[in-house]
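Some structures to go through are shown next.
First chain A sits with chain B, and in the next complex the same chain sits with chain C.
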Partner chain A sequence: MKKKSQFKAYLPFATNVFQRLISYKANVIIFLFGEFMMLATSYYLWRAIYKSTSNTAINGFSLNEMIIYVLMSFLTSLMISVDISYDISKEVKDGSIAINLIKPISYEKRMMFQAFGNVMYNFVVIFILGFTSINIVFYKYIGSLSIANILLYIISTMLGILINFYFSYTFGLLSFKITNMWGLSQIMQSIVQLLSGALIPILFFPRIVQKLITFLPFSSTIYTPTMIYLGKLTGISLIKALSIQIIWIVILAVIAKLMWNTLVKKLTILGG
Partner chain B sequence: MKRYFKLYRQFLKQYIKSLIEYRADFILGLIGFILIQLTGVIFIKLVFNNIPNLSGWNFYELLFIYGFAQIPRGIDHVFTDNLWLLSGNIIVQGQFDKYLIRPLNPLFQVIAERFQPDGFGEIVIGILLVTISCSQLDINLTFLNVIIMVFTIICASFIYTAIKLAVSSIAFWIKFAQSYLYMTYQLSNFAKYPMAIYPKMISTLLTFVIPFAFTGYFPGAYFLGKTSFFYGVMLTLLVSVISIFVAYFIWIQGIKRYESSGS
Partner chain C sequence: MIEVSNLKKEFKMNKKYPGFKGAIKSFFSREYITKTAVDNISFSIDKGEVVGYIGSNGAGKSTTIKMMTGILTPTEGSVFVNGIIPYENRQKNAKDIGVVFGQKTQLWWDLPLSETFSLLKDIYEVDDKNFKDRMNFLDEVLSLEDFMLSPVRTLSLGQRMRADLAAAFIHNPKVIYLDEPTIGLDVVVKDNVRKAIKKINKDFGTTIILTTHDLNDIEELCNRIIIIDNGKIIYDGGLKEIKEKYGYMTSIEVQIKTNIKTEDVDSIKEANMKHLELKVIDNKINIRFNKNITSTTEIIGKLMNKFHVIDFSITETTIDDIVKKLYRNGV
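This part shows the complex of A and B:
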């Protein structure tokens, strides 16, 4: 009963974000066109790459699989993206966090619901259409669709959303201490790009680096779901990958709590 | 003209002061942009671990074009970053009025108002990549060649600025044009790789309509001996002159049309 009323109390934060994002829809779609340019670049690049070798597969990927990988990892990265760290640093910067801390609501829960609104928006505006299209491409290229892989992909993506939320949240909490988050987020963005598999499948890295990357949280957000979708993670390695995702959710949630407890005491608020 | 130089120096002085004040910000931003460029290099390296060459281009040749394309991009980034804000909120919030009432060229004011040192990250990486690949490829960097290279880089920077100016001027008509600018700017990614890998339609678009091909591929290919002096240098010059004129024309038309959305 208590759970339910709590849910009701926080739900407006989610719908608020959802409605705000929806009202910018036209601009978002043009921004997305910009991202499609990037996709087109990688599409032609990969085609040229496969033309330049006599092998039909590179690191176990055929050209068709690689194109699906590029599309799917791109869609997954759009699906899981949330603006939480930006929201937090903005609240710290303009001082509005002071008021939000006085209110009798949990900051973490509030952010979680804001992220939920964000994710729902991603789902409605981008994911439904994108996922359907990719499945059609997959069917055309491969000749069949695996319902099991699709379902596992969705589960794994949901775990990825949670990892990304906690990561974004803890990263955002850093703004309690650091005033310039912009430069830091640029650095983080490039690291995430490289290690999440958004740029290139992790299998392309040297073996020892691969081992390292699989144990970092980044590859659990995009690489794992995409590989599951492609049916490249099965049996033991599938269970292992999903377990790593769950472990990272727990670790990051604990780190978030610890960081909150130490940083909230030392928070310096500018202006307001 | 002299007055403008003097004024720009004054503007710059203020920036350097604030730069010293926020030194950590500057360094973080710089590292950020260097890292972003590095991820692109790592991508190329990981790909070349599996293939001997890409459509006839070897690793260092590709690195050369990639690096070359970063230099004008960075130069433009350092000096004309305010155009992003122009396409974003300046007109929406009615802040453009102030440029019109001062006795100075409005475009000069918009550009001089902001100086973005993050762009040095791109310049540094670009120079580094070009130097490394030059030494690996035995490109003869004679005095003349260096002069031509600097010249084409300047032309290419103007092409970047012209494209940004033309697209951000759309804001005079539709108020918020940042998404359009972003979309156009993303096209520059195509210029980092050989044009031969794209279908005819895309390479035509990048050569004649939104001429990003001249910011990296064409001049770069000239130094690698893969295209003629005419394409690599003469056309780059010609295209940069034309695009600046076209962009300035659009800008002027936009100002004529501008009506304050003030509050």
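This part shows the complex of A and C:
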């Protein structure tokens, strides 16, 4: 009963974000168009790369697999990327965080529900159509679809969403101390892009760097689900990858709690 | 109910130098200046009190309120609200308090007003019956009915403020903090808001702490005022006492049928009226005097005997004047 009413108290934060996002239709179309251009660029880039080499596979990726990788990692990054740190730093900057802190609700939970609202939006607007299309492409290229891989992909993506949330939330909490986060968040975005496997598969990095990257949370957000979908992670390595995801969720959640406890004391409410 | 002792809040700021060169210099410097916003203040407030917390801009009012609501942690000292330390137990404290920040709204901007209330109902876990009763009460004192279904962004400032006040009260908090609740409102709405605050206090025994720059708010609502300047309390006590102590100068303006000579007027100054300040302009006499020594009726009586008085008006020192005086030289 207690749990249920708690859920009721936070749910509006999710639906509110969803409603707000979906009301900006032109924004959606322009955004999708821009992203499509990006996608086309990497498609032709990889084609050119494969044409210029005599090998049919690079690092174990055939051209067809590479195209699916590009599409899928792209879709996954759209699905999971929820910039909660932006919301937090905005609230700190304009002082509206004060209003939220005088409510008897947990800031972390509230932000999580806001993130879920955003994820729901991504799911409805981008994911359903994108995922169906990619599955069709996959079937055309490879000739068969693995239901197990699709299900595992969805589980892994959900874990990725949580990792991304906790990372973004923790990062956002820094704005309690550093008021203007813009520069820092630009740097962070580029690092995440590179290390999450959104630009190129992590297999393309030198072996030592690969090892290092697998131990960072970023590859668990996009690279892991995409590789699972492609069927490139099986058996032990699959279990290992999923475990690493779960471990990261726990670690980041603990860091988030610790950060909150220290930083909330340092918070300066601006304005008013 | 509320116990504030030796409260202190310091803000550390990067030292800034003026001009473009200064901007570069402060970018590289690690020098900090410490600003003390609230400096060692103590007071306690009982249940059901309505306390006006006043001071000039930047005196430390809002900082104190923020520490009492638990969103700022003091540098030194402590706050207890209902036995809870607000900044250590923020969520628990939040259940028992209501807050209105006049400059910020807590209403959901894009949703109809009624939605905000049902969201708050879930957040504060108010049961159906209490919610209904309270909504009826609030609708009665703040007349929310007309704009209950409009999206909050379309409300006028006056409507928004009434709604904000209602939102702060929906869970029947023990304490309400009102940070400039009448800022930017017209006279009629101000009056409505004040009446509502008064009624909430009377009917529910809610403790109310109010900061404002509008001293009419104070005169209408508060039985006690705390004046703060530069982070320090310079006055804490009843409104009546401060008026007696600092507001004893009263002036009377009398209008007389014919023109008068100063000598005529001077004759009313008797032994106990030496301190009178007299000014004569055409057929008007302006008298300033100390109410504690001479009574108004005595002077009026004298004037009536001597002259043909058409009209008179009495101006007492307003709280405004007192506060101005206090800000300038402290107590």
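As a working rule, the second predicted complex is superposed on the first by the 271 of 272 C-alpha atoms of A that agree within 3 Å, B and C clash if a C-alpha of one lies under 4 Å from a C-alpha of the other, contacts with A are read in each partner's own complex, and residues count from 1 in each chain.
Note that a contact is a pair of C-beta atoms (placed from the backbone, for glycine too) under 8 Å apart; a residue touches a chain by one contact, two chains touch by 3 or more.
Not measured: the values here are computed from a predicted model.
Residue contacts after overlaying the shared chain place A:9 against chain C, while chain B stays out of touching range.
In the superposed model, A:207 makes contact with neither chain B nor chain C. In the overlay built on the shared chain, the residue A:140 is in contact with neither chain B nor chain C.
By the touch criterion defined above, A:103 reaches chain C but does not reach chain B. Judged by the touch definition given at the top, the superposed model places A:265 against chain C, while chain B stays out of reach.
Ranking chain B and chain C by residues of chain A touched puts B first. Shared contact residues of chain A, touching chain B in one structure and chain C in the other, are absent. By the touch criterion stated above, chain B contacts chain A in their complex at residues 22, 24-33, 35-36, 38-39, 42-43, 46-47, 49-55, 118, 176, 178-180, 182-187, 189-190, 193-194, 196-199, 202.
Residues of chain A that touch chain B in their complex: 27-28, 30-31, 33-35, 37-38, 40-41, 44-45, 47-49, 51-53, 55, 58-59, 179-180, 182-187, 189-191, 193-194, 199-200, 204-205.
Interface of chain A with chain C (complex): residues 5, 8-9, 12, 16, 19-20, 95-99, 101-106, 264-269, 271-272. Taken together, the chain C residues at the contact with chain A in this complex read 11, 62, 66, 69-73, 87, 90-92, 94-95, 97, 99, 101, 103-106, 108, 110-111, 119, 122-125, 179.
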